[in-house]
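Each structure below is given as structure tokens.
You will see two complexes here that share subunit A, one where it goes with subunit B and one where it goes with subunit C.
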Partner chain A sequence: MTELKYLYGIIPTDEINQTPLPSFKGLDEQHELYNIAFDGMEAIVCDLEESEYNESALEEKTSDVQWVHEKAFHHHEAVMKLHEIYTVIPMKFATIYSSKTNLEETLTKHYQEMTRLLSWLKGKEEWNLKIYCDNDSLRERTAAHNLTIEEKKKEIEQMSPGRQYLEKRKLDRLIDQQLEKEKEQHSSSIHDQLATSCVKTDIKKNWNKDVTGRTDEMCWNSVYLLENQDVEKFLGKVKQLQAEWKEAGFTLELTGPWPAYHFSKLK
Partner chain B sequence: MSHRQEFENKDVGLIDVLDVVLDKGVAIKGDLIISIAGIDLVYLDLRVLISSVETLVQSKLNGDGQLSSEQFDKEKEALDHVTKT
Partner chain C sequence: MAIEQSTQSSNLVDVLETVLDKGVVIAGDIRVGIADVELLSIKIRLIVASVDKAKEIGMDWWETDPYLNSKAANKEQDQKLKEENDDLQKRIEELEKKMGKDNRLV
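Let's turn to the complex of A and B:
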């Protein structure tokens, strides 16, 4: 039987010598995770039966949203476990190699870069922020507190009914634009305040309600890489900002610590 | 209680996990047996969208078209006003 290698992450050998790899079931819920030593680094993998996880089988599996959800969570849990104990270069979900040889060839190619990345990531962790806002109440507030909009409303009242209809629609668009601008400004000022205690940050795309399944709207999505010793201060700042922005309708949701998914880049 | 204890691993939802493990993490392409580009969030996004559109169409088919035709009449009325002035 041919076995594929599912790669979870790369960790330094000296750390695994100090704390042995805990027992953890792999993606297929049968094979255990184990390490393949590679010149000072350890690739953490699990075996998968080729017949069940070859390209066409995977294509079928990944078209099942439920399967992707479940297995993405498994990947997350496994890499989190590694991150709790070791410095780890986290792999993307479903990073699968056709053989041990194939995996080793790849590691050889990126050896220098991975060594550098591992020593850079040591003692750092990632925290992710998503800001959600109650769009309707924010819109009302924007409409009520903006002087230009206020003046425009008075002007419209003096117009003929037909004209009023058209102008009201224009005004609606103006309020929407103003609202977007305010959301962006507020979120980015929150981000700037948090970024000061970070090694690196990145701003990501917002997901719509169909994906988040929430009633409020995501208006900011960002990631932060921190030195361990700076985390406490950073979290204190987040708490303060959460309280500060609650009243205005902004919910700051912070998750972490994550393995450095967003800051592990290889060329 | 430290801030860390308060925040650590709290409120991690499916979206948070998917946003991380499907979107980021190291992927050394070319050597992989599958192209993982096929399963990203955009793809999931589309699928969820498709299913919600289907539900919408379904509810319309079940005779729930009242609201939109009413709205249509209202807009038509308003447009009539404009053309009169």
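Let's turn to the complex of A and C:
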């Protein structure tokens, strides 16, 4: 029977010598995770039966949304477990090699970069901030508190009905633009305050309501790589900002600690 | 307090945007194509929502509907094959009986 290697991540050998790999069931719920030593690094893998996970079998599996859902979470939980114990270079979901030899060839190719990345990631963790806002109430507030908009409204009241219709639509657009500007300004000022205590940061795209399944709108999405010793301070700052912005209709949601998914890049 | 631990309770988008989009990409030699995060989140959300809703009102017919469930489709195909097999078996038996009779006649 041929066995494929599903790769979860790379960890340093000295850390696995200190704390042995805990028992964890692999992607197929049969094979256990284990480590393959590679010159100071350990590739954390699980075996998969070739007959069940070859390209065409996988094509069928990945077209099943529920399968992807379940297995993506399995990958997440396995890498999280590794991250709780070790420094880890997390792999993207579904990184699979047809043999140990092929896996080792890839490791050889990226060996230096991976070594560098492992020592850089040591003692660091990733946090994700998403800011949501209640668009309707923010819009009302913007419309009520903006002087230019206020003046424009008065002007419109003096106009003929036909003109009023056109001008009101123009004003609506103006309010929308103003609202977007304010959301962006507020979010990026929150971000700037948090970014001072991190090693590296990245701004991600906002997901719409269909994707998030929420009623409020995502207006900011960013990730931060933090030194372990700075995390407490960072969390304190987030709490403070959460309280500060609640009144204005902004909800700050922080998740973490994550393995450094966003900051593990190879050239 | 909205500071969460990103373990089991993590929400769908947080996990998908991370493990499907990020992490080291050193493509393995087994190629795997996966739908993008946006499409996948929407689909998963729809499935979860509709399954919950349907169960709430006591509907579970899709679990056996071959158009909606690939396992059910396989099951249906298995059933068809089984019927066909039984049918062929019967015909063989009948033919054998007939041949036996014929042989006796000879």
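Points to keep in mind about this one:
As a working rule, the second predicted complex is superposed on the first by the 267 of 267 C-alpha atoms of A that agree within 3 Å, B and C clash if a C-alpha of one lies under 4 Å from a C-alpha of the other, contacts with A are read in each partner's own complex, and residues count from 1 in each chain.
Just so we're on the same page, a residue touches a chain if its C-beta (ideal position, glycine included) is under 8 Å from a C-beta of that chain, and two chains touch if they have at least 3 such contacts.
None of the values given here were measured: they were computed from a predicted structure.
Once subunit A is used to superpose the two complexes, subunit B occupies space that clashes with subunit C. Judged by the touch definition given at the top, the superposed model places A:Q242 against subunit C, while subunit B stays out of reach. Contacts of A:I149 after superposition on the shared chain: neither subunit B nor subunit C is touched.
In the superposed pair of complexes, A:Y165 makes contact with subunit B only, with no contact to subunit C.
In the superposition on chain A, A:D64 contacts subunit C only, with no contact to subunit B. By the touch criterion defined above, A:G213 reaches both subunit B and subunit C. In the superposed model, A:A195 makes contact with neither subunit B nor subunit C. Applying the stated contact rule after C-alpha superposition, one finds that A:L252 touches subunit C and leaves subunit B untouched. Shared interface residues of subunit A, touching subunit B in one complex and subunit C in the other, are 4, 54-55, 58-59, 62, 65, 68-69, 72-73, 75-76, 79, 89-98, 102-103, 106, 109-110, 128, 130, 204, 207, 210-213, 235, 238-239, 253-258, 261-262, 264-266.
Listed in rising order, the residues of subunit C touching subunit A in the complex are 1-8, 10-35, 37-38, 40-45, 47, 49, 70. By the touch criterion stated above, subunit A contacts subunit B in their complex at residues 4, 54-55, 58-59, 62, 65, 68-69, 72-73, 75-76, 79, 89-98, 102-103, 105-106, 109-110, 128, 130, 160-163, 165-166, 204, 207-208, 210-213, 221, 231-232, 235-236, 238-239, 253-258, 261-262, 264-266. Contact residues of subunit B toward subunit A in the complex are 2-4, 6-12, 14-28, 31-34, 36, 38-39, 41, 44-45, 47-49, 52, 78, 81-85. Those residues of subunit A lying in contact with subunit C across their complex are 4-5, 7, 10, 53-55, 58-59, 62, 64-66, 68-69, 72-73, 75-77, 79-80, 89-98, 102-103, 106, 109-110, 128, 130, 204, 207, 210-213, 235, 238-239, 242, 251-258, 261-262, 264-266.
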